[in-house]
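You will see two complexes here that share subunit A, one where it goes with subunit B and one where it goes with subunit C.
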Partner chain A sequence: MYVILVYDIGEKRVGKMLKLCRQYLNWIQNSVFEGDITEVKLKELQQRAKSIMKVEEDSIIVFKSRDLKWLEKEIVGKEKNELTNFL
Partner chain B sequence: MKKTYYLFNAGRMSRKDNTLKFTPVDENGIEGQPKYIPVEGVSDFYCFGALDANSALYNFLGKEQIAVHFFDYYEHYTGSFMPKDYLLAGKMQIAQMKHYSNKTKRLTIARTFVEGATFNIIKNLRYYQSRGKDLAGLIEIIEGYCIQIQYATEIEMLMGIEGNIRQVYYTAFDTILNDFAMNGRSKQPPKNEVNALVSFGNMMCYSLCLGQIHHTQLNPTISFLHEPGYRRYSLALDLAEIFKPILVDRVIFKVLNKKEIQAKDFDVQVNSVVLKDTARKVFVRTFEERLSETIKHRSLNRNVSYKHLVKLECYKLTKHLLEMETYKPFKAWW
Partner chain C sequence: MYVILVYDIGEKRVGKMLKLCRQYLNWIQNSVFEGDITEVKLKELQQRAKSIMKVEEDSIIVFKSRDLKWLEKEIVGKEKNELTNFL
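On to the complex of A and B.
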């Protein structure tokens, strides 16, 4: 499964959320992550995210797609982080 | 699903916030923009550039079951960092041992490896035959050797037949390739461009097999066709035999005939030929594409990637060793 995850988190907790998301997905922009992930791993991520969030204030939105090929990605301006497995 | 990462740039890998951080370093020692790699999505690393890392990182990689394979400047495989075996099974080890020490049992398995390899070799040749290359004579010779496989009574005989088949097969390279010639196999060091690619590709295939064996209960040091006990994880060599024609050789034909790698991508020295960085990247990228290609598996009735096929091969071998199902080598059926 290919997902895009965006979050809007209170300033105090945002650092923790960034670090958590980095473990599972690729950072592409401030508060935006994307990447290939299994359903179980995504659940795990959401579970751990909930323990960081204040559910009344913060929010996370996950856009799911079956595969990267069903997703058209267009970048206007500078690409902040190019995704590649050739470093 | 989990990705393989290829490290070409020199740099420092470190553990940061329970995930991986890679900081590239250029020739002048200046650090570039660090990149975070999601640790949950990494299956292994192939390390071609100079990698800086400390034991804290390796402890972390070990815990996360991530292997690192190292290649030296001449792209020889130099070794792997393997996480602790996590699928230990005494029963499996004993079964493997028994099959190794019983000569007929060992011969049965070794024979299927050679059979599988030969079948895939012929498949390759047939494919290029259908594309207008004249290979009929060579196919016939190899088929002749193929019949001898079942009569081999010693491992050495089997290895001999296998060697003969490969020799004939490698002469076919000269016909298949448009602009390059192989002029026989030479290694340590490879003497021309094609040989350099074959060596490099075989190493990639070998470490792929090793990585997949690690995710099963098989012991990679006990092999059947190759003599175990000395040098390296020889079971990976056995398995690689089957997959080399379809994974490595096909990629070589592709990159050379489509001119994705050209003569200028090689560093020709007095006695050896080495791939330049550009060639290495192109090859690895094409190889990776090949691995993630999927085919419809006939008995599983679903799509599987070439990479997964290697693991399925391990499972089949496991079943054979535990005497649940007779091992049939993977044969390209399309």
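On to the complex of A and C.
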């Protein structure tokens, strides 16, 4: 399953959330991740994310697609490269 | 065509970009928009966005799907409602 995950997280919690999401997905923009993930791993990620979030303030949106071929991606402007990915 | 648009824009330019994107798509999270849009309208939006952006600092990612049925959305935490949409 291919997913796009976007979060809007309070500054105090954003570092933890970034670290968590990068264990499961590729970081492609400030608060955006994408990648192939199983349903089980996604559930695990969401559970762990909930323990970090303040549900009344923060939010996470996950878009799921059964297949990457149904999604086309276009980037305008600065692209995150592998290097910044590892900083 | 169904699209998800996510931007990462410098604070000085973010107000303009928000206003622009809301003319074309639904605002669903801080820097995330979604909606049905034609290829022509999307090109127009991207052109106008480029005139606002600093391409060496900002970025916009657009995920396109020919059909909404191939995308499933899950939200954890606070959801933007219609009211905040109009603030």
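Going forward, the second predicted complex is superposed on the first by the 80 of 87 C-alpha atoms of A that agree within 3 Å, B and C clash if a C-alpha of one lies under 4 Å from a C-alpha of the other, contacts with A are read in each partner's own complex, and residues count from 1 in each chain.
Following the convention adopted for this analysis, contacts are C-beta pairs under 8 Å (C-beta built on N, C-alpha and C of every residue); 3 or more make two chains touch, one makes a residue touch a chain.
As the structure is a prediction and not an experimental result, all values here were calculated from the model.
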item: Which superposed partner A:Lys64 touches (first subunit B, second subunit C, both, neither); value: second
item: First, second, both or neither for A:Asn26, with subunit B first and subunit C second; value: first
item: Which superposed partner A:Asp36 touches (first subunit B, second subunit C, both, neither); value: first
item: Between subunit B and subunit C, more extensive residue contact with subunit A; value: C
item: Which of subunit B and subunit C A:Val55 touches, first, second, both or neither; value: second
item: Partner chain in contact with A:Arg13 - subunit B first, subunit C second, else both or neither; value: neither
item: Residues on subunit A engaged by subunit B in the complex (per definition of touch); value: 19, 22-27, 35-38, 41, 81, 85-87
item: Contacting residues of subunit B [partner subunit A, same complex]; value: 1, 3-9, 11, 17-19, 22, 24, 35-41, 281, 284-285, 288
item: Complex contact set, residues of subunit C against subunit A; value: 4, 6, 8, 28-32, 46, 49-50, 53-67, 70-80
